[in-house]
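In the two assemblies presented below, chain A is common to both, partnered first by chain B and then by chain C.
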Partner chain A sequence: MAALTMYPESERLSAGERAAFNLYMISAVILFVLMMLLGVIMRMAQGTWLEVPPDLFYQFLSMHGAGMVGTMGMVTTAVMWFFLRKYVNLHLWAFVANYVLFLLGALCIIGAIFLGRYAGLWTFLYPLPTHSMGMWPNASGAWFMIGYLLIGVGMLLFYLDAAAGLIRKYGNLGRSLGVQWLFGGTIDPEHPKAVVASTMVIIANSLGILAGAVVLVMYLVGIAYPEFKLDPLVAKNLTYWFGHMYINATIYMGVIAVYELLARYSGRPYAISRPFLWSWAASTIFVIIVFPHHLLMDYAQPRWVSITGQIISYSAGFPVFLVTVWGALANIHRSGMRWTMPSRLLILSMFGWAAGILPAILDGTISINRVMHNTQWVPGHFHFYLLLGVLPMALALMYHVMGSYRNQAPNSGADRLGLPLYLLGGLVFTLAFLAAGHLSVARRMSSHLPEWVFTDQMGAAGAILVLLAMIYFAARISIGLLRGPVSGHAAHAAA
Partner chain B sequence: MIAGSVAASLVLASPPARGWLESSMSAQMLLQLPLLAAIGVCSASAIPAAVRGALARWDRWGISGLLLASMTSLVWMLPRALDAAVDDVGVAAAKYATVPLLIGLPLALSWGRAGFVLRGVFLAETIATCFRLGWLYRVSPERLCSNYLLDDQQRLGDWLMVIGAALFLALMGKLLLGRFDFRTDAQAQEGRH
Partner chain C sequence: MAFQDIIWAIAMAGMGLVALVFVHVVANAGKAADAATLTRTQKLIAGLRKGLFALLLLIFVGASYATLHRFPIPRQDTTLQASQVVDVLGRQWSWQMSRQGQAAGSSLRLDAGSPVEFRVTSADVNHGFAIYAPDGRIVIQTQAMPDYTNKILYTFTQPGTYKVMCLEYCGLGHAPMVTSFEVAQAPGG
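What follows is the complex of A and B.
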């Protein structure tokens, strides 16, 4: 079965494709290191190991939040592109245009924060990002939002190009999602899971981007025309719709690496099934309407919205999560898995996603949210599945591509040391957040009460380990990708 | 065709039609402007092939045409422009000339040349604009036009929201369940490379 060829010819990168892929991946690992450095500084500041003035702390937090979410979006887009291009016709210009617009957007955001002193964080509540009480000029808030708009336009271009490819091949997005097989019929066993997941992401994230395109421009109108006031609750709903969808989409783009690669390392086919199609179809709808779980404590919101938020939270991520983790476990059980860097990272990602989703679902429960809302429980759960779930998915692909250049999966001694360091640091770091949440430590605060500081210090210690491991991964991956195919050894002849 | 377009423009410019179509903000924006643009769309078939060919060279993938139509629409979306078109004959004449010629006509000529991605961006932006303007008109505390009252402005806001939602649902329906024929769409193929 073709899917079990470790380095299929259809995945070969032409010279142009390799340049674009390297740009994405190397930029991403460098950005991850820089954003983690900011994270470590913030955690050390909360833990009183470092002196950081509050205004600078909130600038760092704004940069870290927007930077991490944006970089995760960029790197998982590259994962989706890498695999989807095998099945449908994707244009390199759209992939590159997304990168260029991402960079322009990132420049606007960096300028808004470090030149314009913007410190209103990555998702803000109206009337922020303006009305800063003199902390930063309105123009900085405007530049920050223009940065978001540029990133959104880039993403939309890439999604539209992918949608065109899918429609050309499958007829429409319903068929590429596999809805024709939901109620019967023989499922085409060759229908790629990457196609199903990509379709879901295109539908859901385009809606999020559209919501963002509306609300961000309205914020900008508000800057130009101050008498115009937005309804704060509507603005919050749209902002969270857009932010929540964007970061969720990274999981669903990243997981394509698991679907595509796991079977090759376990040596056992990972078949598509009706429950798989059902779960993705259901999640396509649920993920669009799940964001009200961010607004459970907004009492002005009608009750039914909160209740829907809770019910949908349970059902949104769950189906895809269950079929994926179940499918992955079944796939590797007694398979004689080849334990190399890509396969270890894939398994780590399944663990991170599985373990991180539990505190997430707890927090989406109204009675628990009453206590945990806006505590560090929240960064606890999302760092869990972003740091230990989604990021390893992307790293797995990078290592896999490096393997294709030598026709051998990477597995050096340093790799074997770096990964446990990352895992150990990541666990200490995220559990410290969860423990702090348990103690009701408020999130998004530059300084903490003395009773809380030990959790901050524990978190900082874990974070330093993560940072060290990430610096190693970044160097190893950048060098490995830049070296390119080793002649005579590469699985694919150099293009 | 040209004669028909001129006749239709004259009918729309006649005092009774103008009076009625400019009696409310909603009628001006949602009836008069689209009718004028439709005249431009219908006139496209009267353009001689040689002129079309010459224009096509400046309109690769339909980008220039769609950009021109968007930019001109931007002007005629502004409340100030709608207002001035009622008060000032010069501005009214500009509206009667530019909406067919710089919105309708380029749309008709360029749509076929535009590929899937460009059409998608254009439609997404149209939907977002309906929601943005609708929102603005609904909640703006002031009258934005001196010729139209606040309730008229808010009604237009409601309409724009409804139109945005309808366009959005139609587009989603088409993408999810619709039929597409890329083969007959020669320009879309051209846009691939």
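What follows is the complex of A and C.
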């Protein structure tokens, strides 16, 4: 079965593709190191180990949030591209254009923050970006938003190209999602999971990016014509609709690596099934309508909207636990698994996702949200599934591609040390956030009460370990990808 | 035991259980099962998945009913008939709180044991109105949003000094945007 070939010919990267893939991946690991460094500085400042003035702290926080979310989006787009191009015709120019627009957008954001002093955070909650009380000029807010728009346009371009490829091959997005098999019929066993997941992401995240574009353009109109006002609640709904789908899309793009690679390392087929198709069809709906759980403390929201937020938050756990995580564990159980860096990272990602969404689901309960909202419980759960879930998915693909260049999965002694360091640091770092949240420690504050500081110091210590591990991964991956394939290996011979 | 401690315990138990399952599967993943064992194990795994589905469904229905049958947010479109009403205005970077019927400029004092209605709004950007009990834990919160008034209905049970902190980032003075008020023993309590 082709799926169990470790390094199939269909995944071979041509010279142009390899250059683009390297640009994405090496940029991403470098950005992750830099953004983590900002995170370490902020946790150390809260823990009183460093002095950072509040204006600089909030600039760092804005950069860290926008940078991490954007980089997660970029790196998982590369995961989706890497696998989807095997099944449908994708144009390399669209993939490269997304990268170029991402870089241009990132430059606007970096300039807005470090030259223009923008510190309205990645969530740009209306009307803060244009109501800074002199902390930054409105023009900085505008540049920040233009940066977002450029990144969004790049991603939409990539999605449009991918959607066109899917429609050309499968007729429409419903068929590529597999809805024709939900209620019966013989499922095509060769229908790729990557195609199903990509379809879901294209549908959901395109809507999210468009929602974000609407609110961003309205903001820009408001900057140009100050008499133009938005409804703050409508703006907040649009902002979280965008933000929620964007960050969730990174999970759904990243998990394609698990679907594609895990079976190769376990040696056991990981077949598509009706529950799988149901889970992705349901997740498509869930991810589009679950965003009101970010607005549970906006009591002015209609009651049914908040109830939807809670119920769908609960429902979203079913596909994750019963299909993806369960399927992955069943696939490797007593399989004679080959434990190397890619397979370790793949399983770590499943653990990070499964364990991380538990506190997230709890927080989606209105009565719990009343005491946990905007405490450090929130960064506790999202760092858990991003740091220990999504990022390992992307790292697994990077290591896998490095392995394909040598026809041998990477598994050096340093790798075997780096991963436990990353896991230990990640656990300490995220559990410190969760512990702080349960003690009602507020998030997003440049200075903390003396009684909060011990959780900050614990978090800072964990963050330092994560940073050290990530510096190692970044160096190892950058060198490994730049070296390229050893000539003579069929799967990745230079084109 | 604070409500947050219960949530913490549930989260840690759930995450711990997930970790145990992963440790078990990972520890056994390296050993390949023979065909007969594999068939038997796969049947067991399929059965366990059905069991997990039933358990999650039970938790889903039970938790939804337990947390929603009495909706935790008061009606926003009517007066709440509370004997104590406090108007709250957030602005960059201070809180203005005034009890209806209390002289302007005097410090806010409330009584434990009878409901308080907080009418929360903002003069500029989004703020988070969170009330911290004397033990340092949040007891209730809502967003303070321009153009909207969010109403909280809360009955204090413990007397003491309560702190209000801003929980929605609102600019440079976000962290020090703090005030406090006193809750007195319930009359006759």
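Criterion: the second predicted complex is superposed on the first by the 487 of 495 C-alpha atoms of A that agree within 3 Å, B and C clash if a C-alpha of one lies under 4 Å from a C-alpha of the other, contacts with A are read in each partner's own complex, and residues count from 1 in each chain.
In this section, contacts are C-beta pairs under 8 Å (C-beta built on N, C-alpha and C of every residue); 3 or more make two chains touch, one makes a residue touch a chain.
Keep in mind that what you see is a predicted model, and the values were worked out from it rather than measured.
Of the two partner chains, neither chain B nor chain C is touched by A:10. Using the contact criterion defined above for the overlaid structures, shared-chain residue A:445 touches chain C, although it does not reach chain B. In the superposition on chain A, A:157 makes contact with chain B only, not with chain C. Counting residues of chain A touched by each partner, chain B versus chain C, the larger count belongs to C. Judged by the touch definition given at the top, the superposed model places A:231 against both chain B and chain C.
By the touch criterion defined above, A:54 lies against chain C but remains apart from chain B after alignment on the C-alpha atoms of chain A.
Shared-chain residue A:362: touches chain C; no touch with chain B. Within chain A, the residues touching chain B in one complex and chain C in the other are 231.
For chain A in complex with chain B, the touching residues are 89, 91, 94, 153, 156-157, 160-161, 163-164, 167-168, 171-174, 177, 203, 206, 210, 213-214, 217-218, 221, 227-231. Per the touch definition, chain B reaches chain A in the complex via residues 115-117, 120-121, 124-125, 127-128, 131-132, 135-136, 139-142, 168, 172, 174-180, 182, 188, 192. Across the interface of their complex, chain C is touched by residues 54-55, 58, 61, 119, 121, 125-128, 131-133, 135, 231-233, 236, 266, 297-300, 303, 306-307, 310-311, 314-315, 317-318, 321-322, 326, 329-330, 332-337, 339, 347, 350-351, 354-355, 358-359, 362, 365-368, 370-375, 434-435, 437-440, 442-449, 451 of chain A. Chain C contributes residues 3-5, 7-8, 10-11, 14-15, 18-19, 21-22, 25-26, 28-33, 37-38, 41-42, 45, 49, 52-53, 56, 60, 63-64, 67-68, 71-74, 76, 92-93, 124-126, 128, 130, 132, 136-143, 145-152, 165, 167-176 to its touches with chain A in the complex.
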